[in-house]
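Below are structures written as structure tokens.
Shared chain: chain A. Partners: chain B in the first complex, chain C in the second.
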Partner chain A sequence: MTTFIDYLLGGLGSGAIIALMALALVLIWRSTRVVNFAQVGQAMFTTFIALSIQTWTGSWYVALIGALAAGAVLGVIVQYLVLRPVKRSDTSGAIIATFGVLIALQAAAGMIWPGGSQAFPQPFNNSGIEFAGRVWPISIYDFVVIGITALLVLGLTLLFTKTSLGLSMRAAAFNPEVARLSGVRVSRVLTFGWALAGSVGAVAGVLVAPVSTISPNSFDILLVFAFVAAVIGGLDSLIGAISIGVFTGLVISLVSGYSDSGNAPVVALLLLALNLILKPEGIFSHHKARSV
Partner chain B sequence: MLTITDLSVNYGAVQALSSVSIEVPKGEVTAVIGANGAGKSTLMRTLSGLVKPGSGGATVGGVTITGRKPEDIVRLGVSLVPEGRSTIPELTVEENLRLGGLWRDKAERNSTHAQVFDLFPVLAQRRKMRADTLSGGERQQLAIGRALMSDPRVLLLDEPSLGLAPLIVTQILELVSRLARESDLAVLLVEQNAVTALRVATTGVVLNLGKVVMVGSGAEIASDEQLRQAYLGY
Partner chain C sequence: MVNLLRLPGARFLSHLAIVFVIWAALMRINDGIDPLMSYYLALAAMYATAMFGMVILVGLSGQVSLGNGALMAIGGYVFALTSLNWQTVPILGWQWNPIWSMIFAGFGGIAVGLLIGWIGARLRGPYLAGLTLGIAVGIPAIATRFPEIFGGETGLMLTVPYPAGGYAPAAETVTIDEAPLAEVPLEQAPLDEVPLEQAPLEQAPLDTETAGAGDMLTADNFPSAESSPAAGDMLTADNFPSAESSPSALALPSESALPNDIDPTAAGDALLAGSAFVLERWQASLAVTAACIIGFFALNLVRGRQGRIWRAVRDDEVAAAVSGISPAGSKISAFVVSSFFAAIAGAVFAQILSYVGPGAFGLGLSLSLLVGVVLGGRASLGGAIIGGVLLVALPQLVFNIAGDRGWPANVTDNAPNLVYGLLVVLVVLIAPGGILGSLKDGTRRLLAKSRSAK
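What follows is the complex of A and B.
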């Protein structure tokens, strides 16, 4: 039983990071009906930028804020250069375009930051906390990760429920035509959504880098987990992305603990398959059915 | 108030509207009637900016509106209540209304909000509920309320009777015509249901295959036997 609880605790930090990346996917899908597979590429790119900032300034906080800003800028660039030229009705074209962006970003990162995997400095103590006579599998850094995730989720919730911009974003996502007739500048609102998703993904990247390493491909597996979480959560639900994201982190930790970490992606895909068979619209979706 | 001059719209090779001219004065309801495919919805979508005109145009108080984006046209005082599902079901009643005037100054917006609640008390009662829990009639009131939130000078109503019980249609249209008189609003009403539309309209315009075939008072058109049989089919 203690082992079980240990595994669960050990999965909280990675669950929070998966939740953030899933959130970024959901933010884009809600407003454009496109799954942005470039999201982890954008996060990888901005994490490299954060690493450079950290090396220059020596401050993790400056690096985090730098990634946040770079993520927003990169999100806007991806939307303008790649998604706008693709016809609005052509969502499969847009999805394939996001794969193209992912490959391009990975190739570019390989050229700009050569030398394979690099270590991202540990901003906080990442060894287990000692408490009540034993070492627990959760660190100060895990608490920082969970805290930052909670803050972001709180901020987004306030944005969507309490502000005019948030209402515009929701209206533009649900019914762009009525939103435009109401005076909402929908294309600007969409661009803001890409910036926002870019920033959320960038934070996920900076948070995951110290516990793995950073290379052009190092976040690919994060994409798998985040995609699974976003789809099971219903793709258009922020609550779904967060809760299933954390849940996925816990499942991965249990699977890795009881068997082997190599099995985690397989289990994640099994969960996805199960979801598509039993409840294809996702657990938290606003919509009754969804074609897959 | 709203002056439509020689407006033509093409969808590819099909001419949906050809040289349509209509004057919509303030304080009155002007009804455009005609069968399915007469070009009524195209007219509304062009006036609100969703469809680009081929030639000709429309002005409001002397300012050209055609060719602009919907989000700019609503700022010039022209508000459309589109046909069918024109509320956002996932949002609450309150949010649907707020959406209609987000771009406006907060104090002005709040005063319009209060007026809309006076006009449609049922919306005030249901403000916290999601729009998809409302009945058809309530939803149409919400759609009109949303359009009024921009404090328009011209209100465009596209088939408000669609799918509603006759009694509710009458109530809503009478309310709209009172609103036109009391707030000096120019209302352009598009309807397939000619009898109902002509009852509240000062002027009726008959549209057939994209052309204006007759303009007259509501009573004139309603009593013209030949016209009724030829274009309105009843």
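What follows is the complex of A and C.
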């Protein structure tokens, strides 16, 4: 039982990171009905930028803020140059274009930051906390990750429920035509959504980098986990993305603990398949994923 | 002419003729080029085989899939496992032959395609893309999880059983007994000696062909003199490009590597006593033949009733359902067909590499297939062929340019992918039909202009 609890605790940090990445996917899906498969590419790119800032200034906080800003800028660039010009009727085209961006970003990162996998310096102590006579499988850094995730979620909730910008964003996502008629500048609001998602993804990247390594392809598996979480959560529910994201992290930790971390992608795939067979619209959503 | 085409079976026969002419031309070209080019030809044909399935799945049926690289892995692993473990075909007890492994690889693809199609084909775009992305990552992970069966991270080495007679270009026969060119070497070298390996595959087009367009296969279509000295020289294993991992190294001109005349001892080294066996050439003939047979299937499907069904469902599911078509059935069938094609391509890939492993069939391969089919043109089978050529030629082109400019390795290695990524975005934005679609549009516009000018 203690090992079970240990595995659960050990999965909280990675669960928070998966939740953030899933949140970034959901933010964009809600507003533009596009799953941005380039999201992890953007996050990888901004994490490399953060690494450069970190080695240059020596401050993790500056690196985090730099990644936030870079993420927003990159999100806007991708939306402006790639997704906005795609014809709305060409749904396959939008998906394919995001993969094009992913491939290009990974290649560009390989050119700019050569040398394969690189270690990201540990900003906080990442060894287990000693408490009540034993070492727990959760570190100060995990608490920082969970704290930052909680702060972001709180901020987003306030944004969507308490501000007029949040209201316009919801209106534009719900019905762009009506929103436009009621004076919402839909395209501007959409662009803001991309910037927001870019920042959230960038934070996820900076948070995951110290506990793994960073290379152009190192976030691919995070994309799979985040997508699984976002879809099971309903793809347009923020709460769904967060809760299922954390849940996915816990499941992966359990699978890795009891068997082998190599099984994690397979289990994630099984979860996704099961969800798509039983409840394809996701747990927290009511819209239809199946068309027939 | 119009009436002729309406005769029952006329379209079938015309497809047969088209594919056969392409096959014959490629086989002839294969005999005339140097082994490195043959190797590239083999890769391009293998990519095209898989991408015929992508055209059907992505272009015709409108389902974006990233899992076809993993489906190729299914075909590759089934081929590897059956050819490593079987002496005879189970139950039937027949003597094992690589062709059985190819067939079983195809069945494996069909089975997995049914499963994925059943889960995925009722899903809309992004859900499906995500599911297949998971498959692209998950299936190679399964291979690493069971190292005792699948060889783990290192994969399985294959000793591909080459045809006993070898793939002997006509040169060898000519030098030995100076047989009249018209008789032995012409027809037999490419047609009869290769098929030891792939007899049923080869005969499918050939037998039926004799009725239809058999005349195309005149004796002088086949290589004789030109495949002589230069062709025979590259038999040794050290020339064999092991994997595509180091394409820049492959790009080096290899003609000067070996003496230019037939060396009987070298020939003896090449697994086969006395015959001028060129591994790359044999691989290319295998890949081209497989591509042509799959292409023939694809052509009949795409231009027939099933193709219309796929397009109808893609364009308007409700309207299609009202006309009595089952949208789910149509999407699942597209999945099954494309995974069958992918599995055959995977089996060919395994034979080209003499190896299967999770690294060879990773997410990168799946993405390459998507890139190739989008750039070539996702709406028609020709796009798959263009895509196959592009996937092989474009990296070489970029490497050559990078080599000339003396770019550092990290830039050079990533340059092809950067070009791919940017091109994919550009094609989606500017020319959704890909290269082939743009060519078609261009000629149509030119024709319209010239007509209105009159």
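Here, the second predicted complex is superposed on the first by the 286 of 292 C-alpha atoms of A that agree within 3 Å, B and C clash if a C-alpha of one lies under 4 Å from a C-alpha of the other, contacts with A are read in each partner's own complex, and residues count from 1 in each chain.
Simple rule for what comes next: a contact is a pair of C-beta atoms (placed from the backbone, for glycine too) under 8 Å apart; a residue touches a chain by one contact, two chains touch by 3 or more.
Note that this is a predicted model, so its numbers are computed, not measured.
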{"item": "Clash or fit (per the criteria above) of chain B with chain C on chain A", "value": "fit"}
{"item": "Chain B versus chain C as contact partner of A:231, first or second or both or neither", "value": "second"}
{"item": "Partner chain(s) touched by A:167 [first = chain B, second = chain C, both, neither]", "value": "first"}
{"item": "First, second, both or neither for A:34, with chain B first and chain C second", "value": "second"}
{"item": "Contacts of A:177 with chain B and chain C, given as first, second, both or neither", "value": "first"}
{"item": "When both partners are placed on the shared chain, which of chain B and chain C touches more of chain A", "value": "C"}
{"item": "First, second, both or neither for A:150, with chain B first and chain C second", "value": "neither"}
{"item": "First, second, both or neither for A:276, with chain B first and chain C second", "value": "second"}
{"item": "C-alpha centroid angle, chain C to chain B via chain A, nearest 10°", "value": "100"}
{"item": "Chain B versus chain C as contact partner of A:111, first or second or both or neither", "value": "second"}
{"item": "Lowest C-alpha to C-alpha distance for chain C against chain B (Å)", "value": "20"}
{"item": "Those residues of chain A which chain B touches in one complex and chain C touches in the other", "value": "none"}
{"item": "Residue ranges of chain B touching chain A (in the complex, touch as defined)", "value": "48-50, 69-71, 74-75, 79-80, 82, 85-91, 95, 98-103, 146-147, 149-150"}
{"item": "Contacting residues of chain A [partner chain B, same complex]", "value": "164, 167-168, 170-171, 174-175, 177-186, 286"}
{"item": "Residues on chain A engaged by chain C in the complex (per definition of touch)", "value": "29, 34-35, 37, 81-82, 85-87, 90-97, 99-108, 110-111, 114-115, 216, 220-221, 223-224, 227-228, 231, 235, 260, 262-263, 265-266, 268-269, 272-273, 276-277, 280, 289-292"}
{"item": "Parts of chain C lying in touch with chain A, wherever the complex brings them together", "value": "58, 62-64, 66, 119-120, 122-127, 129-131, 133-135, 137-138, 141-142, 144-145, 317, 321, 327-328, 363, 367, 370-371, 374, 378, 408-411, 413-418, 420-425, 428-429, 432"}
